[in-house]
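By letter and in written order, the chains are A, B, C and D; residue numbering begins at 1 in each of them.
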Amino acid sequence: MPQTPPTRFAYLGPEGTFAEAALSSVVAPGEGVRQPAASVPAALAAVRAGESDAALVPLENSVEGPVPATMDGLSDGAPLVITREVFLTVAFVLAVRPGTRLADVRGVVSHPHALAQTARTLAGLLPGVPALPASSTAGAARAVAEGEHDAAVCAPIAAERYGLVPLADDVADHPGAVTRFVLVAPPGALPAPTGNDKTSLVAVVGDRTGALLDLLAEFAVRGISLTRIESRPTRERLGVYSFSLDCEGHVADARVGEALAALHRVCDDVRFLGSYPRDDGRTNRPVPDVAADAAFADAGAWLDRLRAGQV
Amino acid sequence: MPQTPPTRFAYLGPEGTFAEAALSSVVAPGEGVRQPAASVPAALAAVRAGESDAALVPLENSVEGPVPATMDGLSDGAPLVITREVFLTVAFVLAVRPGTRLADVRGVVSHPHALAQTARTLAGLLPGVPALPASSTAGAARAVAEGEHDAAVCAPIAAERYGLVPLADDVADHPGAVTRFVLVAPPGALPAPTGNDKTSLVAVVGDRTGALLDLLAEFAVRGISLTRIESRPTRERLGVYSFSLDCEGHVADARVGEALAALHRVCDDVRFLGSYPRDDGRTNRPVPDVAADAAFADAGAWLDRLRAGQV
Amino acid sequence: MPQTPPTRFAYLGPEGTFAEAALSSVVAPGEGVRQPAASVPAALAAVRAGESDAALVPLENSVEGPVPATMDGLSDGAPLVITREVFLTVAFVLAVRPGTRLADVRGVVSHPHALAQTARTLAGLLPGVPALPASSTAGAARAVAEGEHDAAVCAPIAAERYGLVPLADDVADHPGAVTRFVLVAPPGALPAPTGNDKTSLVAVVGDRTGALLDLLAEFAVRGISLTRIESRPTRERLGVYSFSLDCEGHVADARVGEALAALHRVCDDVRFLGSYPRDDGRTNRPVPDVAADAAFADAGAWLDRLRAGQV
Amino acid sequence: MPQTPPTRFAYLGPEGTFAEAALSSVVAPGEGVRQPAASVPAALAAVRAGESDAALVPLENSVEGPVPATMDGLSDGAPLVITREVFLTVAFVLAVRPGTRLADVRGVVSHPHALAQTARTLAGLLPGVPALPASSTAGAARAVAEGEHDAAVCAPIAAERYGLVPLADDVADHPGAVTRFVLVAPPGALPAPTGNDKTSLVAVVGDRTGALLDLLAEFAVRGISLTRIESRPTRERLGVYSFSLDCEGHVADARVGEALAALHRVCDDVRFLGSYPRDDGRTNRPVPDVAADAAFADAGAWLDRLRAGQV
């Protein structure tokens, strides 16, 4: 299964979003075609339709939590897998046309989430000035550039793109919010294990006491740490739970492979969402010797001998 | 600890939101004072400040997922507890001023989430008509009432409140989305057990393999089912995880009380978020005899005898 | 690994023991050479030395418990595996030379264990008559045949062998005692799975809280039932525990094989003691679908596809 | 429940057994009345009948394994509890009448277990000399004293009691065998916790996958280590297992008490067999802070506040 590296990248647009900034951090300028999509579903659809080779979409945000459109978009429909993760600090700027001063600002426009995350800072900088909604932070920047509004809360990349200048940097009330983006592609050759990988999956289990416990036991007995778990609603089927989780390790690792195979047996459904290099600045917990590939290989060889009568 | 029933209710405003509709389903008309708040944090702050007796806020949505502002607002700050849950089907209408016809609509305004959830339906009803952002679905309705826009996607209660009429009902692309609201109040006398209750809590555990498994084992050994679990980021402390979860049963139940006490021992931190009647239309799993209060009472009496030397 | 069926059988002698009776139940008369051994270690040594092809020895008794000589003899030394199990009801008879009547009996001789298990019955039949020790129940029968004593408590086979007749059948105080014998042989082709098999092993684990729990979890997560477990002293190494256990299933079964391989990884030491047809008159618990070979095969094929990038 | 210290001690006789030696190590000479019993059941019956205040009986032997008569005698019948444990090194001597030399010995008499444990040493010392069975090692010593036989394998205390002298000390093939004796008494005031205690119990569980695992989980979640576990046959009821186990800690400890109460709920039956000072020369594992009494007390107080509405 040889695989051409992706060259056409969809991302959650419009131009100037944090998603574009995240994409820029993994694709060098001029290296591929960047295709803004109107929504996460649209970005994923572009990949499924073969119009894009990969899509860069947000998966979770340290302030806003998981991004349901991405979670659901990966859980349903034709399979897609995560091939990279990108963590981006969400640094909002208050952007204006060159020459605008604070005193000139009669309204601040942005996506409601961005307005919510900067409300207190804006109240300090611009007391009494109304906050106006926009469809996206990038759209807000464009509206300012076009003269519709005086100031936008947006990403630095959007300010730059639309010729705006920051009146204030880092206007978030709780600076340091981070968004985790993922690059998703059609199934194909997996990223090679790096020794510091994550694996993502969605598991659907029946509604009984201990179902989640049983699921987690499959990881625990094999010495695998989870880094994220969420229950997801499965509204279609009453009494059935879906869990979205990330664990340390790569499906090519013996322990992770055996755990996934076990989930395949015991869960109602399991969808593999990819193994990819960990990129959140942390290092996986050391794998205990008894869970390392060598231990699995030894144990497998021993079992083969047992079964052949060569105890 | 006698407790006066709440009479002043904050809710996520403005007037005409689904939160107000949810509040109306639990407080009879004319029975209390309703106080719209600009945001979830504002609603919770009003309760903490004693300006409201309780707040009605969204906790999770079957389409959008958990509501971080509520999750975080309950996890941090002065303690608040959930005293009721309310499930409300989110039925969007396309609302216009009386007399407006589909052909007259040149723009549809709403909160971006609502626009996202109705995009396909709107594209069918109003091809080519632009979607315009508003700060809330209720604000969108008001803007239409005031003649700023032609049509709003909003809650039926907002249409009614602002004198609008529905051009189309149930315009969600995936009808049936449900939002779970909770009524939160300062700690005080707990709602009495009904036999069909839920208990919510947030537990913080150290970052080690099996920490979550150990946490879940405390529920499993006592025959308690979980109905929701999510890992929450605790960005302040690297390597520490926070889990938000709901289980079946009431803290007054022996099994739930013992499980909570166990979490108090083994977790870095546990915050109790309330025991309240289950109201999602489902019934708790039958409690096994060995986990019922009578079994705990028998076992406790037996242990007392053992310790007194009366085997 | 073709294997000639065993033809030379050691057993715990002397002639006339319950072990010989057990051997007779699995080897047709005239079908092999039977070699009485002076002790369990002697019987096992004969197999290890190649002087016998297999040995029939007691493993546990429903009254006396495990037989340490056999447990330890299998755990240590050159590997031997169990190829059959035989359950024999231990029906003691009070045997005399023809013509002896109860009133003639001035002493009853037997192995102390047999005397202990029949003390009450003998006190009723022969009040005031002394009980005299012998090295084995068969030796006691021979002593009676040779006129040294008047009556022996022994196996029916011993009475028959030495020309004695029973004055009373079933003289055990608690009738129905059962001894579990095993036929052990050098490693070689395993008995074919029958669908109702047991697997025996000894596992050595370090001395830490939860070591046994972890060990058992390897069986539980794979849907395997245990039928026996005992902690065995490992006096040589302080702080190390050895567990001897039997589980349902055959090492050729995927779930059992994977569990054994897991033990091989996580335990300090594991010794496989054989997979053989269950013969205690019970049937293994039904294997859940998710733990059946087909489920393992499906899961393995699915994992192979994942790893090949063919989700 | 004040309790007079025991003064009448039954022990597994006859005089001169290792049981008497064990008793001597816990009761000063002249301090109580010592009553040899013909068997373990007889010793236990004497306590149950009020003829003795306590009984000293063997529970397990490092060579011979558990002593079924004691295990079963404590599991069934009127309740008895262990109040002490005593570990005694089983040092066999080859005892003769003064003046007898090795060359004079024409037969060696002892209990068959003792003969089995010394067979190799005896074969070296006395090649070709026959081994003759006796009902007990002490009885063998007496028979030598009375001139019936030339030499006995027995305890040093038996040699001394019957005026014999050792021709050879420590004639066990594997020196260092240890027998664990227990002092059992009717229920009454428990021995005070010492910080280094053990608790013994027998639990009966239904026959289903994971029953034992569930049982062990009750200890593991509360940070309690097991020091012994055995499955015991429960022949009366097919498909039911009985487990005999020892854990670290005292029933007065919060974690042990809660675990026992949990077993009382989830098991078919639990019999408490006592909490008593550990006396095997080892020290209990340190109790994790989260499982200490203080943590349980804190957690209980916290729960009380929760339930009172004082979060």
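Criterion: contacts are C-beta pairs under 8 Å (C-beta built on N, C-alpha and C of every residue); 3 or more make two chains touch, one makes a residue touch a chain.
Just so you know, these numbers come straight off a predicted model, no measurement behind them.
Colleague: Going by the stated contact rule, which chains contact chain A and chain C alike?
Modeller: Where chain A and chain C might share a partner, there is none at all.
Colleague: Once you find the CA centre of chain B and the CA centre of chain D, what distance in Å lies between them?
Modeller: 58
Colleague: Using mean CA coordinates as chain centres, what's the chain A-chain D distance in Å?
Modeller: Roughly 61 Å separates the two chain centres.
Colleague: Any idea how many Å lie between the Cα centroids of chain A and chain B?
Modeller: 25
Colleague: Spell out, as numbers or ranges, the residues of chain C touching 2 or more other chains.
Modeller: Residues 217, 220.
Colleague: State which pairs of chains touch, listing all of them.
Modeller: A-B, A-C, B-D, C-D
Colleague: In their shared complex, at which residues does chain C touch chain A?
Modeller: 1, 3, 79, 81, 187-190, 214, 217-218, 220-222, 251-252, 257-258, 260-262, 264-266, 272, 290-291, 295-296, 298-300, 302-303, 306-311
Colleague: Mind listing the chain A positions that touch chain B in their complex?
Modeller: Going through chain A, the ones touching chain B are 39, 62-66, 68-69, 71, 111-112, 115-116, 119, 131-135, 176, 178, 208-210, 212-213, 216-217, 219-220, 223-226, 228-233, 235, 238, 282, 285.
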